[in-house]
């Protein structure tokens, strides 16, 4: 009974938060002379087939990014550097796949490994600085993001292949391109096969964090570093490993897109996913399944918002307001629920028979 | 009859599901030392917080010097001349002594030279020996305790509440504190203090009030009541004592520490060539004023901090081992600060069963969490150690301190450890739980467990140990036989009196 | 009357604050020494640009927005609230600055920027103080909201203005500049002589007296103001106590919520002013998204500056200086290599004298590497010059001994009535 | 006045008042134009606006109707595709995609809509298969830049000029290459300071503070004229010229930036390199209107007035002869302007 009620509350909280944020956004639109009803009706109309495909694809990228951030958050590490890590990894992976050292599927696997390694290595710099020199990962990852965009920019500008007035890496050979799944007609596009990486990463994330000793140690360190150290966790090693994992996952972020449709690193590279991931991870409270919902929500809002200018003349930026408020409102709602639950739990503890001051005895 | 300094009538305070205070009546005469006693969770702290304005009562009246008052924040209470020293220190480590004192009372003497002079003056008047300009983090517990009192005096408090001020002090420090309190009383202050140590209560109190299950149950006369009667009033049963059973010491050395030395990051020597041996079936107690290296000794043995020297467990040289390997080799650890080192407060009990025991099959199998095993064993601990909790899915935070402690003891004694490091195993827990914990330790010792016991409670130390070592400034400075030693002797050795003699 | 039990505790850590007079004397020496070093490097490398009047002015102007964000961070975090939302508050400030300056001039614009920043601060305070939301979550959300709101507001309100567009508003009136005629000229002349030490000092004076925005002085004033308020006033003591131990503060009658609110709002105001600097001093126009991560850099400067106003000022200056340098002159970046090498070798000696061989070796190795780089090359490739500020920050952090100490209760949830 | 316009055509001053494109008011029976802007959209004072001016002309002259859509920062490639498809599904023809970022998306989408003509400003065909319903509207930015380079070198008294690029990409390098060549053509010994604000981060087009610091540095080091190709960062370059004082100039880019500058800035804007996106956009629309849609690469160079320079402010009136002389040599092929530095 209480379980059911708890589940109901847990679901109601984010829903209310979404409603609230849409209300605020509508208000902003209305005040600045737009039409809130258009906004709402566009947002809630059923997406076209191709949008459904895009939502699925974007969800996988956002989800990977959020997982990368969440791994760090679970142990109290604030890896702001996912952005730089996946950029470096995307470039390296594309370069490797384009060079086609290996045939077919092997090339794909090789490129994935390269991407993971490069992402991990870039995060590893922050890890190394923190572990050996005590440099806060907040600072180092901010700096590394800026350095990453300069380095990849330099490399692509210097060694990239000219395409019009832009540059790109060598396209990956046809044999290594990964065909997707086409749920609707051809024009609606394909769901990227490597989007499964997100599923695999999500399941692994859940499995490793909740079912293994390593995951336990990681969570313990996040909850209470002092208790974890007393329990035998080597917190420096843990910091290093966690940042490597975080960077490794970050390395995968753009891979579904690379092998599924982009085929090279160039103008089609999608920047900014690293920052989206942080928000999504926080929205999903750093847990595998809730993050999936959060990623879906963000992907949905992003894709639907594309129609705002065309159909209602509303600036697309407005969707950011919605997303930001959702993050804030959801955590506030959860916080209220948490307090409610805590009190309920204390009540339960108090009602357990104890020789101290229990309700019945005193009032008797 | 003069008007009471404090008069509480019909105070009631409810927390979700718990009635912490109910029908509480209390009268305190001005210029007296009034003691408040009662078991854990009896509602003493809650009552004091109400009197100090931290919490609001649900019912009842507070009368100060004949005037009925209502407090909504501590400032209101301070304005009425009330000061409070809390059960746990309320100090900001990164601020100076002066800043900690003047905080909130800046109007009195400002924050500068005048305030500094005033702090010095009070410190000198009571012999506190506090330098206004040092950071609080560099102070030991006794100095912190005095600083807490100084804070109260600085505000010109006439009514001073002290919630378990002696829990962390050694006898000499306690004596000094009481001398201070007497001085205050002579100057017309009214003192209200809480303690679990009934000897102290009988020694200094002019009046006593006993609380039980949230309400006041009597005001025995300190000049006639005995300790035993007092205990009976408090808990309804007789007071247990940690009497040592017959010796079970074997001649097999279980823990052997040789020349253990620890240098901290500032280059100071924290531990200085410690040599220590504990046999199977032996309890070795470490006595010392807090801050003399006992915490670091434990952390050194557990490799939580780097040391030089050798540590052997049974036949194995553990010196190069990391914490996890040492614990896996059979070292149980009851930490002195259960919240910092013993529990994941926001995880359920069954997950806390795994903490520090990830090498045991019941908790982890081949790298995978053994959920079923951990849950089952948690149930066992809850049953066997009488942990009062609705279930093993309850968050550790929701348990009372005593029950948290019982769970930790149960956990650390499972998996048949060969060495138990127990730091203050009964600090702050109620009398019943205390007795249970002592029994468990004694039983394990009979089965051959070697125990390193650290405690600030000298009675506990004397009652449980087979041998007592005194630690002073990072060195072991004396060995005592608990059958012959008195707390006074120990106290003297702990403060360096022996050394000079 | 009573016996004082001998304290058996450890000797206090070596850093007990003493002798303020001796400290300021040491500071003077340090500044002079640094000046001499920079001057030597200038003379040896011939790169007069490394401390020319223009470079110093550009460095000051690049520093100010970051420094304001960092100061904002100091305010919030000293009261125990982590403020990742500085970037968002700064963005809000850019819009406020542009909007109010357009209609009412730069002084009202200043208030407008502060106001918009304050709105961001209030949001953060409501979330973190009233609702106890995780500070990072709230800050991240704030950054998203700030960016979105400003893009949207610019489009809605700047589109039809003179000099306006959906993403910009240019040609705004700027706050006045400071000019001290004869001193400025004299100092400039002296600076142009390129004499050892004297010209370098003159350049500094000239930079401050030749048409430099009054905002630079105001920002410098705010650094002192922050230090004074937080460390010398009752208000500051109470505010800091909320970041160190709010429960203790509560039991002494401090209204912790109030102080946290004030601190976070002031934090927002400072970040908003950072936005103002960007719009009206660093240039004279608003462009959507022009903060470009400076709020985050400010956050980093605050941490790097050990949660202290002058520390933050030092960190922000280092960043601003290297950034201005790389934007102005790639040759001077090359001369920086020599400066870095010299600094490292000096630190090597200092470390050796302290008996810290491990760090000394590290410093010596890196120092020699930089020296070699300087000697063996003619320039830093212009493609990499842009990384200078970021790499310099990492380098300083990696080589500096890290004794950073954040306020003890920073980022921790606090609720009233739970003390004791 | 007409003497403000050198290379013919009306000014690029979009966004202010009645000149702005207002698609909701267009109800003619001409072509139904879909326009997909790059980040910023209409009102960006840059090439999005220039495209809008072209559409506006089509609305006025051809009775065209239009629908606008705009990109966001860091959006997915699929979002661009989706935008184009929405416009295509809405029956628009032609569809103007502003910015080379649309190249890939158009290449993917166009085959599905063989009856619709797509035009990509600055675009390119990313693969080997030619698309017969796509036109790539390219500009000879190097030629326009050459002319302002000539103007700069002629006007420079210090023999020292500067170039500020937003991002170090091939596109912006064309501007640098042309500018350098032009300046050197006039004065082979001229010193040219070059700085790109960012290696690849698009914030280089959005950072007036960096633009100002850079340009100020160039003035301090002896330059008296600075040409920028840095989008929104250019506002900082203009401000730097103002603060550098009399005799210091800036050169605008893409549109006639003198028109949209404040009065104090106008006194320092020597000229602007014009990139007539409006001409190209109108061209593309009218071609569809005539039933002969543009295909393949269309180069808008000096010959077709696709690029040029502005004379607003009258600061280069005395040297238009020289500049136009160079322009003629370029048109005739006597001078080939390099596209990379």
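As written, the chains take the letters A, B, C and D, and residue 1 is the first residue of each chain.
Rule of thumb we're sticking to: contacts are C-beta pairs under 8 Å (C-beta built on N, C-alpha and C of every residue); 3 or more make two chains touch, one makes a residue touch a chain.
All values reported here derive from a predicted model rather than from experimental measurement.
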Seminar exercise, completed: Most remote chain w.r.t. Chain A, using mean C-alpha positions, is B
Exercise. Where the CA atoms of chain A average out and where those of chain C average out, how many Å apart are those spots?
Worked result: 30
Problem set entry | Separation of mean Cα positions, chain D and chain B [Å, integer] | 75
For this session: Take the average of all CA coordinates in chain A, do the same for chain D, and state the distance between these two points in whole angstrom.
Result: 37
Problem set entry | Mean-CA-position distance for chain C and chain B (Å) | 44
Seminar exercise, completed: chain D residues touching 2+ other chains are 41, 73, 168, 198-199
For this session: Could you list the positions in chain A whose residues touch two or more of the other chains?
Result: 146, 150-151, 153-154, 157, 315, 317
For this session: Please set out, as single numbers or ranges, the residues of chain C touching at least two other chains.
Result: 155, 166, 293, 383, 386
For this session: Could you please write down every pair of chains that are in touch?
Result: A-B, A-C, A-D, B-C, C-D
Exercise. Which residues of chain B touch chain A in the complex?
Worked result: 15-20, 22, 39-43, 213-215, 302, 304, 322-328, 333, 335, 340-347, 351, 354-358, 364, 367-369, 371, 388-390, 394-395, 398-400, 430, 432
Seminar exercise, completed: Listed in rising order, chain C residues that touch chain B in their complex are 1-14, 16-18, 232-234, 237-238, 240-241, 244-245, 247-255, 405, 407-408, 417, 419-420
Problem set entry | Residues on chain D engaged by chain C in the complex (per definition of touch) | 15-17, 40-45, 49, 73, 168, 194-199, 203, 206-214, 216-218, 220-221, 232-233, 235-236, 238-239, 242-243, 260-265
Exercise. Inside the complex, what are the residues of chain C that reach chain D?
Worked result: 49, 52, 54-55, 58, 61-62, 65, 155, 159-160, 162-168, 170-171, 211, 278, 282-285, 287-290, 292-293, 323-324, 327-330, 382-383, 386
Exercise. Which bits of chain A are touching chain C when the two form their complex?
Worked result: 28, 32-33, 78, 80, 129, 133-136, 138-140, 142-144, 146-147, 150-151, 153-154, 157-158, 278-279, 282, 315, 317-325, 327-328, 331-332, 335-336, 339
